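Next up: the structures, one after another.
Each of the next two complexes has chain A plus one more chain, namely chain B in the first and chain C in the second.
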Partner chain A sequence: MTRALLLVLLLLPSFALAQETAPNKTPNKTPNKTEDPPPKRKGSIKGKVMSDDGQPLESANINLNAAKYSGMGDWRQAQTDDEGNFVLDGLASGLYHLSASTSAYVEAERPLEQKFYRLGDVVTFTLVKGGVITGRVTNGLGEPVIAAPIRLERVSDLEGRKINSEWWYGQQRKTDDRGVYRVYGLPAGRYVVSVGGKAPYRHGSSTAYESDTPTFYPSASREGATEITVNIGEEVRGIDIRYRHEKGHSISGKVTGAPADNSLLSYSIQVELHRYPGNALEMSLYIQATDPTKSFEFITVPDGEYELIANVYAGENKDSYQSNRRRVTVKGGNVTNVELRLSPLSSIEAKLEWEATPEKERKAECQTTRPLNAEETMFWLVKDDPKPANPLSVDAVLRHDLPTEKGELKYQNLEAGVYRFSPRLLDEAWYIKSILAKDDAPKPKAQNPKLPPPPDLGKQGIALKAGEKRKDIVLTLANGAASVRGRVVAEKDQALPSRLRIHLVPAEKEAADDLLRYAEQKTKDGTFTFANLAPGKYWLLARRVPDDEADGKRVNLLAWDVTTRKTLRAEAEATNNAIELTPCQRVKEHKLTFGK
Partner chain B sequence: MVIRVFGFWVLLLSTAFAQGPQQFGTASISGKVTIEGKPAPGITVRIQKSDEQWDNSKSPGLVTTDSEGVFKLDKLPAAQYIVTPSVPGYYNPQKKNEWQESITINLSDGEQASGQDFALKRGAVVTGRLFDANGRAIIEQQVVLKKIGGSKAQTIQCTEFSDDRGVYRCYGLEPGKYIVGAGTDPKENNVVMIGARSYVRAWYPGVAQEEQSTPVEATIEKEASGIDLKLERKKKGFKVMGRVFDSDTGKPVPNIMIALGTVNDEGITTGYSMGAGSGSNAEGEFKLEGITKGKYRAIPQPYGNTEYVGDPVTFEVDDGDVTSLEIKMRKGATIQGTAALEEGAAPDVQRKLVGVNLVAQARDPQAKETDWYSATNSWSGIDAAGNVQFKGVRTGNVTINLTGKEAKGFSIRRIERDGAPVTDGLQVNAGETITGLRIVLALGSGTIRGEIKVEGGTLPEDVGLRIRAKTTNKTQGDGWGNIDARGKFLIENLNSGSYDLVVETFMNRPPYGKPSVTLQSNAKTVQVTNGQDQTVNLTVTIGSTNKEEKQ
Partner chain C sequence: MTTRYSLLLLFMLLLGLTGQAQSDKPAMGSISGRITVKQQPLPGITVTLEAPAMESSGQPRKAFSAKTDSDGRYRFNGVPKGQYVVSPRAAAYVVPTGGVMIRPGKDVTIGENEQLENIDFELTKGGVITGKITDHTGRPLIQQRVRLQTRGAGNRWQNYFSPNYSMYQTDDRGLFRLYGLPAGQYLVSVGEGRNDGSITFGRPGGYLPLTYYPGTPDEAEAKAIEVTAGGEVTDIDIKVGKPEKTYEARGRIIDATTGTPLIGVQFAYGTVMAGSTPRIGGFGVPGERTNAQGEFVMQSVKPGKYAVFMQADAGSDYYSEPTVFDVLEGDIEGLEVKAYRGASISGIIAVEGTNDPAILQRVKEVRVSAFATAPTTMQAPSFGLPTANPDGTFQLTGLRPGKTRLSASARPPLQFLRMEREGIELPREIELTAGEQMTGVKVVMGYGTGVIRGQLNVVGGTLPPEARFIVLANRVGGTGGTVLGPSGNVQVDTRGKFVVEGVFPGEYELQVVPIGTPGAPAMQRLRIEKQRVTVGLGEVTVTITVNLGEKKEGQQ
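Here is the complex of A and B:
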């Protein structure tokens, strides 16, 4: 059986948890590990889908995915009834991702961060009619080009800021016998429209235009394409394209390195051709793992810079295989003998340890021994790539996992590099105290002072080599975490920039390089929330988001870069918006003046 | 020209005007494409080996017609090819059914197959709008057209679905009278549309019966426009809920996807859908929604998890929810062994075994033999050491066969278990590991090619011909090949032995069933030797039709 790697890799934009209304009520004692785990709570999530004019949307599709993916049991679909209502019941407790869609409609506005929902939540989705682009395609003689596939790629947001370009995967539209096409249901943004060429994902019937490279509006190759701005509910007409019959060239080669034990025999090898720089998919194909030659050939490739990569799924609970990223230039000729060598991807397994504050030392209410609710706790694993080889590459590699009842976290299919944990602890009582490699975890007593201190993975990050399976990571959580909520205000008579990044910087000199103490958040309305903070002294700093950074672009913490960190600290110290957080303190309305 | 790209030497070849399939031979295919009698330049003709049609990694031969409308692709090795011109907007009056836009050719070495012409005509257009009881546009529905009058009973599906305004446009139609419909007809559909927005099948302008529909005249001169069709929403359907559990221990089995198949009156699964997104949860519970009245089969799909294998359950949805389906799973078994070629096989043939796939099939004993969806299959390849392993094999009687295109030419001579021959399949118990299996294979390399002449009349348009090389030797399979428009056929990879060459008829369009013609004098006995390529010609006579015999 085949399984595309895409099903396994969950690349998600950054997210925030749904607003917490009441703290989680769990029994106030340490669980006895020899007992059977209590039966999972069951409940439902319900809601409504409406259009922006207040009308219910019936027969809209609701997709539910459990945040902790553990197989097909965590995926559900439903449809709204005649009043636009839906109910998903019989759900086990945990965190869920929910989305609503219906033909020709799009989300009113893409949230800055992805939301997760819990049992008992009532969710309202507001969808709006998407944009429409329509036009006519003719050839050099003015004759209509018939049944040619139209492809759209969203390359910028509405304001023209570059985003990771996304193929529009809505209903595949083709030109009709007059050469006329109409694409609808588009999210707002700027698009390049092309006709002909090979589809990025090869499925469905082939077309007469596959042997040509795509022609971009108005009649150009990709470099000469004119972007079209479409807003929601807007119809843009007259996007007429003059078709160019241009032939591309081929890139051929083979995939090597499949393990000799034939363990991958039931899976297909996926080979992808991405445009470089960036990661936009140009074409892809599959090779049967049983094919002894494992050769591949991409044809009708337009001139340009590319990156080839092959991968193959290796089964559940196993790391997939991925090849090296091979740079290829196509310029007026075919490229042959490209070898993509597979090797197993890496993984990180981490163990959570809870360090409860001893009874005698407890000063604040949240320093109890109340256990963490594992099923509503999430940890992000982020790749720290200060100088990515591929500029304009996808948003930082981001994975999430929820711990098992024993506190185990597992992240599979990782490329070599340095990784950092980013907490998304729902329970505000906890913060990450340290991240250490198990063998070097400090012994409780009798520590030899002459031994070098254990490597602080919270500071260095977790280094992962190619093919390495690290199982030695220990994440220690401590309770007594503090939180700060507030808003940015402008200096008198000054306007506030609409897009701000709020930085939280530890003020103590010793903590200057303790990356676990740094936090950052992008905000459009000036409000911010920082939770799960270690008690201590902090500075808050508001900075303008660069004009060319798209709203949805997820950026790793700027503070992770040594030079930027120094600058941030200097600025934060100068503006000196300081706050001292004691254990369990909840600051509700902190004001931060935008200085510069 | 050789250049250096990032440390690798690559050879840049000059662009070829026509790109051919990968190996080189000496045969060629050529022809002419005309539209309304005039030569059609710039048309892409796709020429692909028939067994590579669905192979995503192999590129087809693509050739473009020149200013005279002529195309030619040469340097082709002998094989069976499918030739398809891509000329949307135009229709081929020659085509026998809605799929047959192509020509199939059995090409021999050095053969120059010319005259593969396509005479196309500009099609007619039917366009209009789909709307519901409130006058709102119906989006993404497919329109179907049934041609009335004439000898061909044809149902055409418009290629594009209705857009956001509900507007549809069917083009490239053969001129004539049509009835226009949309919505789903449960008898027709092969795919179970679980939960999707669906409408009851209706015909222009919005009637339930075909006979009541206003026919639409489609001509080349004028578009048939304003053919607006009103549709009613289908009733929402009911819920189907149940539990998946291990029938030996009673414990729930999670992560089993439940696929739904529709069951026809003969009890055969006709459609299949993975929709409704419900895999069994931690308690083994699943729920499917939006299931309309009918007969179904719930088919458990362990999706990559080969630990369990389950039995499908047939049930009916009448006018209420189905609440307690029980899907029983059993621990799958494992079969291990080796596969090797017969003694005396050449070493290079031995290496070809790697990459050949085998399938262990366990049939649901209660399902009919023709029920494709009732078998549970486990696959294995053959590794370099000749090892074979099937996992997740279902309980019961299991037969092992070759599968996949790499297996072409191979046949299973015999199967042994711990030295004893296995003749009627393996008996497999739940959770068992069977070892000591030995599969002995043979590779045939005999070829029969030739020409079939049809006498005593012409075949009706809805009847096709194919040829079968029947063997009485149980340890090898029959060979077969199809017969192209010129009467030429090709059967490859036959093992040495005696075969009866028989020409068979089949229906090439719905409703499939027994063809109305029979053939006489349609068999010949042939001796085949490995490595030998022989030509055999046959003449068949069209016999009396079944209808006449009844009188």
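Here is the complex of A and C:
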């Protein structure tokens, strides 16, 4: 679970998937066939790890995770040689997430589209020297505070934009016998530093400081914390903290609705305390399934606003349980009788159908179209939650899966809500034509001509009730997808904003609410790439990204909101940067003038 | 590390007997004492009072925390009865009972409303060793774990553990700082030896060769570092050789009878320890499962002798024979692990001595286990996976044929009494034939209210300060069983007191077992007579005497 979770967390920031088509793949074989699969093609992914000053990095670790779990070899590691090169070979065809790391370095921030790879890809990672924060912790008498856990939280990027809170080094770093601490390998940004308190997950033994709330630099509660700016590779010294002994309060309650099913034997209920807003995990604890009281208590909780949630992880291919999210405010006293009610999570199963244009009817430019390679195509399911309960939390709303040989997708352990598929696929030849809810039994149309068409979930989204297991979703894929690549340019004598969002809006009136036809993308250098587009007429629209919006945070498309969509359409129509895309058309170097 | 961690987790899952929340009744017990250094008070030190062991399971139980005042005194009030460890949390000091325990401190067992005083500690200032670790090119080795050894029993070098795990790691400059060390001689090393019993586990690019300060792979040539109380030894720098290669080992798991591959099963592997019957030492479960062809791969294996086997899931029909292989210089292909459909035992759990539904419904907490006794071949480690259903039925599957010991365990007030089949008590050990499906086994648990209150007296000498004991109350006769404490073991506290609660009427043999003191020669020679006691519905008291004078004071 941890690994799956980790992967999901890594995937958060954006949808845009890699657009490069890989070299020739195993031809033919549509995923609909049910015969025995041929032995999987084997291949390799290789590449290089460089530092940002262009030097190759030796002995850097490469981590590979298969995007779809299949058993052996899903997780691999490699290390770079003297020239910074690495090779991961003997890989079965599929889609893989790769990351590179080496002590004291951090991966340069980059969009997600460069994080998934297929066989034959050549990858270059750039690692940046991490920053350091060091200082000394003393008590009121000036004596060293020894073996106290240090926690760093990156609260914003260098420009001061808030980010989804990131903890660094929960309890791995402690003060030494002089009270000195040193935390390294930090991405550039602004941090708050705290000492003491309880780590979110306690590894190993407890510390002597768990009965205190954390003291933040310089000697404050979280509200009074002074932020520390760490530039790329910078060592920030003298972050000395005067330790305070503050006890905080407790939050206690019980968990109800625990599964009685003993096939989940030895399961435990995990209760998590997140800070609100921000979703940073402050503390967690476990309740044994055998504990008749199912009660919990978090102690040493500082004043503040929190969200509590309980869950039971049932294991692979089983339905897990999750509780309601319970908002709690601690202010000068204990909070008691918090009830977290567990209920089974929901799931969506979808089936892919294919609508390939027969070869002889294909236009000339479509002739190269290959069948969709399902094992390398990721389907993203997103919770359409314009105002999520916890606005900085994205891990709960973004899921991915790769289809089985039979073209089946499954998304488990979903909260109730409305879900949408992102239209982005890895293979440029295909697009999602429709998403429909269909009964298994086909109803002959001739006998019942007035039968309403199946609900168009491409417009409405997939509504999921608590505990519901939907199995009626059909995604129809069609080939002949178009793409457009280009660049935003400024008008004469104008500067381009540092961050732009490019919107693609269907121009046909009847497509106004077909959300499969909308796309958007953030860009810093003005370049953009839209692929997997249904043929048709579109408007392109470039807008400035609001200054307070952090990179990589948005999950929902702006166009999903009905009001915003109207605004976008109106603006797009007014600026009228229209483009007509025919099947299989590949528009390159399209120029879009900003402000026009 | 990953290995060790997943192992730890596994054990905790299996034991699963975490301390239970103490009763809600207001408790008036108190524990107090004094912390000194050279007989002078040590103020401002945190002292914690925690339930013993199992503390890493993530469940924070009511932990008590106090600080010493200007006179070095601390006090915990409102302590419910139970077993605890009192621990001064002074990482820069040496706690006399430390060195080998996760939590250096003193065991205490407190009764209801008891006032426990004079739980005192005399600390000494710890020593410090600092240095720098560099690789073969002279660059700092970052986040590298340093190994520290101290002299133990028989003057042999043994690992020195500190709960202060993070101090063993080098920082981004390759620097380390080990502190809080008792005065004595130490060895500092980095890297791993061949055939040292450890497995590298998913670590790419090889492993660092074992290098002792000042730069030798040989323990005998390592330089002992003399640390005085409160002293600091600097510049213990080590330059490590080039990483040595690790390899991959591939194979598949098949059904031995049909030859078909087993898909989606977990595998595990461990080092093979030499001996008359070779056995599997440290092992790990990579957490990966075999693919559609039943294949598995072990990555980053360093040279050595290994055994790979199937790690059966709960409810699996299979057991496997470990396949032994040697990794020398190169990858290994074509390993085959043979899995066999095992025997099964099923039945129901019953409780004697009560009709209280609240107690009866706790049968689902009972863990029934079966393990092979006196194995003649090397066997894959197996665990009594939790087996009971809410209705009290249980099923054990995938059992290896041969002599098998049946047992069951549960937290008090339930205790294991015996196993029956068709009204006849089963012997302690049964013989399972291949593929046998034994049904109708009744596991009888007892609900006991008896209490054994004991005192361990030491005559003819004094025990070393690190001496700690547990008490096993073994039921006499029949299939037997051991009465567990709320945290698994019944501890003997620092005053020699112990309490076994929830004892079913009958005769018991009390066995006092020293724990966690491998370094003390006096403890190794210690033999304590077993003592019998008959328990009814109430309380019995017992005194067990340890006569140190009967043993010779042997010196190394």
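FYI, the second predicted complex is superposed on the first by the 511 of 596 C-alpha atoms of A that agree within 3 Å, B and C clash if a C-alpha of one lies under 4 Å from a C-alpha of the other, contacts with A are read in each partner's own complex, and residues count from 1 in each chain.
Here, contacts are C-beta pairs under 8 Å (C-beta built on N, C-alpha and C of every residue); 3 or more make two chains touch, one makes a residue touch a chain.
Computed from a prediction, not measured in an experiment: that's the story for all the values here.
Peer 1: Let's test your reading of the overlay: on chain A, do chain B and chain C clash or fit side by side?
Peer 2: clash
Peer 1: Output check: A:Gly333 vs chain B and chain C. Expected answer is one of first, second, both, neither. What do you get?
Peer 2: Touch partner of A:Gly333: chain B, not chain C.
Peer 1: Where does A:Gly54 make contact in the superposed view: on chain B (first), on chain C (second), on both, or on neither?
Peer 2: Neither chain B nor chain C is touched by A:Gly54.
Peer 1: If we overlay the two complexes on their shared chain A, which of chain B and chain C does A:Gln79 touch? Say first, second, both or neither.
Peer 2: It touches chain B and chain C both.
Peer 1: With both complexes overlaid on chain A, does A:Ala104 touch chain B (first), chain C (second), both or neither?
Peer 2: both
Peer 1: Regarding the shared-chain residue A:Glu210, is it in contact with chain B (first), chain C (second), both, or neither?
Peer 2: In the superposition, A:Glu210 touches chain B and chain C alike.
Peer 1: Mind working out whether A:Ala147 is in touch with chain B, chain C, both or neither, as first, second, both or neither?
Peer 2: Both partners.
Peer 1: Taking the superposition as given, does A:Arg182 touch the first partner, chain B, the second, chain C, both, or neither?
Peer 2: both
Peer 1: Using the superposition described at the top, list the residues of chain A that contact chain B and also contact chain C.
Peer 2: Looking at chain A, the two contact sets intersect at 3, 59, 61, 70-79, 103-104, 132, 139, 144, 146-147, 171, 173-174, 176-177, 182, 184-185, 202, 206-211, 245, 260, 262, 265-266, 285-288, 290-292, 295, 297, 299.
Peer 1: Tell me, which parts of chain C touch chain A in their complex?
Peer 2: Its residues touching chain A are 5, 13, 16, 18, 20-21, 44, 46, 48, 50, 55-60, 62-63, 65, 67, 89-92, 102-103, 126, 128, 142-143, 163-167, 169, 171-172, 177, 179-180, 202-206, 243, 263-264, 287-292, 295-297, 299-300, 314, 358, 362, 364-365, 385-390.
Peer 1: Using the touch definition up top, name the residues of chain A that touch chain C in the complex.
Peer 2: Counting only chain A, the residues touching chain C are 3, 37, 59, 61-62, 70-80, 103-104, 130, 132, 139, 141, 143-144, 146-147, 171-174, 176-177, 182, 184-185, 198, 201-211, 245, 260, 262, 265-266, 284-288, 290-293, 295, 297-299.
Peer 1: Quick one: in the complex, what on chain A touches chain B?
Peer 2: My answer: residues 1, 3, 40, 59, 61, 63, 70-79, 81, 90, 92, 103-104, 129, 132, 139, 144, 146-147, 171, 173-174, 176-177, 182, 184-185, 202, 206-211, 245, 247, 249-250, 260-262, 265-266, 271, 285-288, 290-292, 295-297, 299, 315-316, 326-329, 332-338.
Peer 1: Going by the contact rule at the top, pick out the chain B residues touching chain A in the complex.
Peer 2: 1, 5-6, 8-15, 19, 22, 42-44, 46, 55-60, 62, 64, 86-89, 123, 125, 139-140, 159-161, 163-164, 169, 171-172, 195, 197, 236, 254-257, 275-282, 285-287, 289-290, 303-305, 354-357, 379-381, 383-384, 387, 404, 406
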